[in-house]
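One chain, chain A, links the two complexes that follow: it is found with chain B in the first and with chain C in the second.
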Partner chain A sequence: MPVDQFVRHFENAVEGITPGSLNPDTQYHKIAQWDSLALLCLLAMIDCEYDVQVGGMELKSCDTLRDIYGLVAAKKLSAAA
Partner chain B sequence: MALAALRRARIAGVASAVPKEVVSNSDYTVLPEEQREKIIKYTGIRFRRWAPPELCCSDLCLAAAEKLLPELGWERESIGAVVFVSQTSDYPFPATAQILQDRLGLPKSTLAFDVNLGCSGYTYGLYILGSLLEAGGIQRGLLLAGDVSKMHGDCDPASAVLFGHAASATAMEFSEKTNPLFFEFGSDGSGFKVIYVPAGGSRAPVAADSFEKGALASGGSRGATDVVLDAAEIINFTMREVPLSIKRLLGSADRAVADVDAYVFHQANQFINNQVARKLGITADKAPTTLYHFGNTSSATIPLTITAKLRERIAAGPQKLVMSGFGVGLSWASTYWETDHVVCPPLVEI
Partner chain C sequence: MKPLIQPRDYTDPACFRAELERVFLRRWIFAGSTGGLENDEDFRCIELGGISVVLQNFQGTLRAFNNVCSHRFARLQTAASGNRQLKCPYHGWIYNGDGLPYAIPHKPLISEITPATLCDYRLSRWHVRTVGALIFIRKEHAGEVVEDDDLERQFSDYFTPLTELAVACGELVENTDHIVNANWKLVVENTLEGYHVDCVHPTTIGKLGMAGLTKSPAPIEASPSHESASVQGSRFTFAGQNSAVFSPLDATVSERMDRTYKFLAARPQKLSGYRHFYFFPNFVFASTRGESFSIQRVLPIDERTTQLTSFLFATNGLGELTKMEAALKRQFYASAAEFVQAIFAEDAAICEQVQRSIGFAHGVGVLSDEEERICAFHQAYQAALAANP
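Our next item is the complex of A and B:
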């Protein structure tokens, strides 16, 4: 599933996360590793892996990794249209 | 996005100067040690050079120019232009460039002015001075670029550990037989609040409460005369604009990414530069860094990196360089330069 792939990318991007420990319904902002540097790593990962950009304010509307993936997928669709 | 080329302006020499005093981010006790080390790892910045209160950017520029001019063998009378690129001028007015004209002993016929730019300032400055030379009438000029800024509050972890002090002098001259310099520029003022100082200009003059520090959600505190820095938007800006800028630049110079010997990026932080390198498909050895020892020195980062990391290679033979400055404005400018007998003295410390 693309959303699972997104979770794997997230785990690789943010330092200190054990691979396979998160799932699409993880509330990313509640994990121990989440801080201002993790945010920057996430934004860079989205740009590199998906070739779209998500703003810091946009992320605030997302609660889970699935929410972020939905935002990314919508942006990709919009860019392709 | 604008592309340009200069075909009769030559970069003859580059020199850089820093204060002797070294400060260590390991001593930044506003943050607990674990968090501090994490930021050091992310930014790549361990040490920074710090100027004493009486030392201005212009003093560092002067030291760099005084080192460079004898090595070039240039007579002062032969210089017709001084462009001072900085966001830390000596006074609100007059322009610092005039003061430097006098301190350097340059003739009264010198054209001199300041340019208020930061991260993109060096590459902008090359184009501005190069254009003056190419227009004719002026044979030689000096680009003096750098910053000694203390507007990043010690209490704001987002900016306090990033900035250091440095300045540079770059000598350019009119030449009919030189390699062309290629440029790509851009501006996006809609993002000016991504990096800015709220108070101290005409829009919001300094008031009694400007120095009061407000608590930050991320920890630490900040006043209205301290720099505001939105790291998330800086990441997005850089990744959106800079790789494309460089690709457009190389296209205009009819060069491929792999043709370039070294990419001299503005040294903002290592994480950002790693992302730019990754998007360009270049390896770390092609993107020299001076962040560990000097941090972000604004418009001086590119010449400082040339001095500290590339001077021996430049002395050994021609190098194909891309220089890219990006940040405050928001603003960016990239330059393609094939070096040719460039004088590059060792780093000056004062």
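Our next item is the complex of A and C:
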């Protein structure tokens, strides 16, 4: 579950993002495409690709895509424990 | 426009009793959804101004009765919902689907009950109709003839569009009861105008970018799936004692939603915007683009308290979904449910504020063109109160 792969999934999930244009340190909430629809697409992508549920409120503690990846990874770990 | 209902009528117990008798016990009211009532002996109770009504499945047929035993007046069903015979917990009388007590313990000791007098102990009955998964009930009154098409006539020109939308309702994704400390009329009036959106819902409804008001005297199209694509701005329509508003969504937003929510492409009702119906006296049905269906049931408890129940249905007919589409669908409806809850909380808070201050009102207030549906509600209300019971 490398973080780069997570970034690619994010680029595919949110409409209008050029593949390869983002990196793990991108502040996702500052990209032009970020809005409530993009948020739903992100949550659905995490649900689909990583089989964990993340709530919109939980993302408030995340600044970058790497932060979200860390949140997802932590959820995966606690689900497996 | 001037309101036709006086401020004191929102706090007066005598007025409330008159409303109960002449408004709610004399016409069809919305009672809830059929969910949870599919099996024999499934039941659910609703409260209407102190009257408990039980909806119960009798071998596949839905019936409704006053939830009061004819013997010593105990409640027959004491839980809000469940699955059991319609049996009094006090002395064990059991009632059938006609409301007659068919099993009475120690019956020979009650000499007054004979085959000839059994009907005297029939439960007080309500007519029941379903439209899709929606249940409507109407109190039976001795000597009153209720025609087969009575519900259709009450819903007037909106019966057909309601039916088309109701059958598109799929999974129930949210169902919540809210106790609002406000008169039921305030709760209804709040649903009938968008004038308050900027102040009360700036971060919820206010962000949807709906167009402003234009007025149309024409009745709403019979089939909402074939509406004109040239509609500009929100417009009101009126049919009998009911009213509706249609608000087109910003085209750019709609196109983006189409691209994002491809899983919804097969939905049976493709509305081009937001449609909101109010059916006098207690039923609200709304849909955004035919993607979800938001329903509200308004049941008065007393002159200062209302039970507001929200139902959110997903659309049916989506067919097989990919894993990603299924995940997006879950997020979409979870978000819609959260949205509805936020709006309800905002509306409940403002209605309760009005209830606290309406007793100190001077004059009757005033209504803007955006509140024309409130005026229609007031007219329907006054006509109902003036009718002979």
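Criterion: the second predicted complex is superposed on the first by the 80 of 81 C-alpha atoms of A that agree within 3 Å, B and C clash if a C-alpha of one lies under 4 Å from a C-alpha of the other, contacts with A are read in each partner's own complex, and residues count from 1 in each chain.
Methods note: a residue touches a chain if its C-beta (ideal position, glycine included) is under 8 Å from a C-beta of that chain, and two chains touch if they have at least 3 such contacts.
Quantities reported herein were computed from a predicted structural model and do not represent experimental measurements.
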item	value
Touched partner set for A:40, first chain B, second chain C, both or neither	both
Partner chain in contact with A:48 - chain B first, chain C second, else both or neither	both
First (chain B), second (chain C), both or neither touched by A:74	neither
Chain A residues touched - chain C or chain B, whichever exceeds	B
Those residues of chain A which chain B touches in one complex and chain C touches in the other	15, 36-37, 40-41, 43-44, 47-48, 56
Residue ranges of chain C in contact with chain A within the complex	207, 256-257, 259-260, 323-324, 326-328, 330-332, 335
Interfacial residue positions of chain A with respect to chain B in the complex	15, 35-37, 39-41, 43-44, 47-48, 53-56
Complex interface listing, chain A residues touching chain C	15, 36-37, 40-41, 43-45, 47-48, 56
Of all residues in chain B, those that touch chain A in their complex	35, 38-39, 42, 158, 218, 230-233, 235-236, 239-240, 271, 275, 278-279
